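Worksheet for the structure shown next.
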Amino acid sequence: MIRRLFVILLLLGLGGVFAGLVAGYSPDDTLNLTARYYADHTAQDIGAANIVTAIIVTYRGLDTLGEVTVLFLTAAIVGLVLAQSRRKADAPQRPLPPSGELLTTGTRLLVPLILLLGVYVFVNGHLTPGGGFQGGAILASAVLMLLLTDPLLRIGHGLIAAIESTAGLLFVGIGVLGIVLAGGFLDNRILPIGDLGNLFSAGAIPIIYSIIGLKVGAEFSSMLATLAETEDL
Amino acid sequence: MTPMLIGMSLLLAVTMVVAGVLATRPSQALSISILAAGLVSLLASVQFLLLAAPDVAMTEAAIGSGLTTFLFFFVLGRIRGGDRD
Amino acid sequence: MADVLVYLAATLAGVAFVLALIRFILGPSSADRIIAFDSLTIISITGIVLVALAEGRGIYLDVALVYALLSFLGVIVVARYIERGF
Amino acid sequence: MSSLLAVVGGILLVGGTAFLLFGAIGLVRMPDAYNRLQAGTKTTTLGTLLSLAGVACLHPEWALKLLLIGIFLLFTNPLSSQVLARAAHRIGVKKAPQTVVDRLEEDLAEKDLGARP
Amino acid sequence: MAPLMAYIALTTGFVLILIGLYGALTNRNILRMIVAFTVANTGVNLVMVAIGYLHGRTAPILDAAVPVEQAAALIIDPLPQALVLTAIVIGVGVTALMLAYAYRLYETKRTLDISQYTELKW
Amino acid sequence: METPVEAKVRAMARTRSTAVMFATLLLFWLMLIGNLTLDALIVGVLASLVIAVLYPNGISFFTELRATPEAFVAGLRYYGYFFKELVKSNLRLTAIVLSPSLPIRPGIVKVRTRLRSRMGRLMLANSITLTPGTLTVEMDSEWLYVHWTNVESDDIEAATGAIVAGFERYLEVIYG
């Protein structure tokens, strides 16, 4: 009881702070200096129509490398934590209800389309909303749908690891290529910038985002597969 | 059409708060709590779109609501006993 | 003229949204709540399309596509969970 | 001409959302989960399709992407409803008192069609 | 009237943070605490995006509606959006990690009640 | 053991289905992109090829299609009939929902189908779900279990005539 009172007091205090923040919020009318720089220079410097993508892949490319690394470490740790709980191949399995003909056929119909949508999202990252992270999540959703139809499906961890590490190496390789050929690490101008709005424009951004998409998709898929392979408790 | 957008924003805000309360109420079945948390994320994605952030909206729909909910249900499917408190 | 109709459509969709939310709150069984969740997300797709119309940006439709896909998968996951399919 | 198209689009939009509204009323009023599912599926599908058609009339250059969303919806929406109905039947969600017959229940009692939990 | 949208989003975000914190602090079930954490996570993201919003402007994507020359007058601040995008992706990683640990904890003691785990209490 | 001839037939069927899958995916890609420039085409061909080869289980709208003129006509008539039924079903549901007494008489009935192809059966189930007062609950070889808001007849043949026959007529020509 005393505990709950303490929690409520704490939240009231925090609520007071938040109310002060909302009351003191004064909306800007114009962009600040950094945002103005991005708005004015992205089209000439990077050639990407989506300014958010330009920031993520090029202006702050090193942060994205760190982010992908964090995600990789997370997937690896999830695999490590759950490694001992892996279901044995000959362990008794409780009877699973069959997924039914409709869901099976629907999966076979929809999985290729979902994969295609994922590819579309990350290839078009520099023109439309979306990019590697979203596209990767959609690819992992296709894997999820396969797992739903057949919960005992084994997804080859070797293939996932191969895609993942190849994509990681290519990502760093393109970054280093940027130092050699252009202005710095992960500079996209190793390829011609092209015309704003074309699919083959913005230098190396579509390639980098495709690599990120494959890598993120492989990481999320490995997380899902690891969780699906644990034993029932 | 600003009034329409503001009305939508208000409706979404109220719904998100209601779904948030449903998600954290201890008397709810755990699967419904997770579903309500997923609903908060999905509606937040529409709210992001209203705030002119389509990139964030897509990320929230694909990752924040989609994958998180799936992971929760996979773990919950393994820990059936956890549904009781 | 068309503007008035768009406003009317948004109002109708809003009322439908509120009704589905009521079913989500009340729903006696978990199946009822999942049905309400499904309806809520599909009404939201109409909402996204209306936002794209109001702002005049066609690129928002990509979000609607991803949203439709992910909400569909969410419903299937919950349905398979309650029938103990995994 | 274009204003005529705009009016047609607006009317389609209002019709679609009206179906969404009727479906939501059905969702609240129907007595059991299966009937609610019926109300939910049909009206949301047609309602969303009509709204998409209306927006396509207002903005003809978006028609292709709207068509794609429509095709997607036409396949995913009934599929999720069917999976949900089967799951509800498997866990034994209560049927309304007006229900007159349930052949699936009878057949399940005879042979084991899918392990019931 | 004018910048109402940012106020609504800010308030919703803060309320969601409070709801999530309350749920995480009062619930005893580990999975419920993680659910409450994701609600608070969504609230934080909403606040960050709302701060970057400028009234009457549109998304930072250049196309026919936003020509390059007028970009600075038409778009909103892209930097918070990039930050939130990162935050969401890391958020799902953190959630997955917490869920894996919850599974392992359940494996050792067959319960999810946090007050049963007293080994590290001093 | 299968003979070399059988193996060859199977390999050919597989190649054909992969090619159809590739064409379907390319069509979807062009619809997604919305323009027909060279670079979009290159990426689309590459992506469709990789997906079609990596996921050989996939079936598409056209995999089991009978490529005859009759099938094409039947397809058009099927969609006309389908949309007519969809609108009718919505109007009827609206009438039920808005009437104060809520006149329903629900039940789950059993019907039979003659369709064999997977795509045709999926389309049949989806069509039944979207048409007046019916919702597919379970599909088990030739039997379909259908939830009916207003049970008119409990008899298998009569129910089949009322629910399935209208669509089966067209789908049988299209997919077999």
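As written, the chain order gives the labels A, B, C, D, E and F, with residue 1 at the start of each chain.
Simple rule for what comes next: contacts are C-beta pairs under 8 Å (C-beta built on N, C-alpha and C of every residue); 3 or more make two chains touch, one makes a residue touch a chain.
None of the values given here were measured: they were computed from a predicted structure.
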Set subunit E aside and report the joined-up groups of chains, separated by bars, or one piece if nothing splits. one piece
Neighbour overlap between subunit A and subunit F returns D
Name whichever of A-B and C-E has more C-beta pairs touching across its two chains. A-B
Per the C-alpha means, the centres of subunit B and subunit C lie apart by a whole-Å value of 12
Quick one: report the Å distance separating subunit A from subunit D, using the average Cα coordinate of each chain. 31
Between subunit A and subunit C, what distance separates the C-alpha centroids? Give it in angstrom. 24
Name the residues of subunit B that each touch 2 or more other chains. 5, 50, 52, 54-55, 57-59, 62-63, 66-67, 70-71, 74-76, 78-81
For subunit D, write out the residues touching at least two other chains, lowest number first. 23, 25, 37, 47, 65, 68, 72, 75-76, 79, 81-83, 86, 90, 117
Scan subunit C for residues touching two or more other chains and write them down. 6, 10, 17, 34, 50, 55, 57, 59-60, 62-63, 65-66, 69-70, 73, 76-77, 80, 82-86
Pairwise chain contacts, counting only pairs that touch as defined: A-B, A-C, A-D, A-E, A-F, B-C, B-E, C-D, C-E, D-F
How about subunit A: which of its residues touch subunit D in the complex? 95-98, 100, 102-103, 106, 109-110, 113
Subunit A to subunit C touching residues, read off their complex: 96-97, 99, 103, 114, 117, 121, 128-130, 134, 138, 141, 144-145, 147-148, 151, 228
In the complex, the residues of subunit B that touch subunit C are 1, 3-5, 7-8, 11, 15, 18-19, 22, 29, 31-32, 35, 38-39, 42-43, 45-46, 49-50, 52, 54, 57-58, 61-62, 65-66, 69-70, 73-74, 76-77, 80
Touch list for subunit C against partner subunit B, complex: 3, 6-7, 10, 14, 17-18, 21, 24-25, 30, 33-34, 37, 40-41, 44, 47-48, 50-51, 54-55, 57, 59-60, 62-63, 66-67, 70-71, 73-74, 77-78, 81-82, 84, 86
Contact set on subunit F toward subunit A in their complex: 21, 24-25, 28-29, 32-33, 37, 39-40, 43, 47-48, 51-52, 55, 57-61, 118-119, 121-122, 125, 136, 138-140
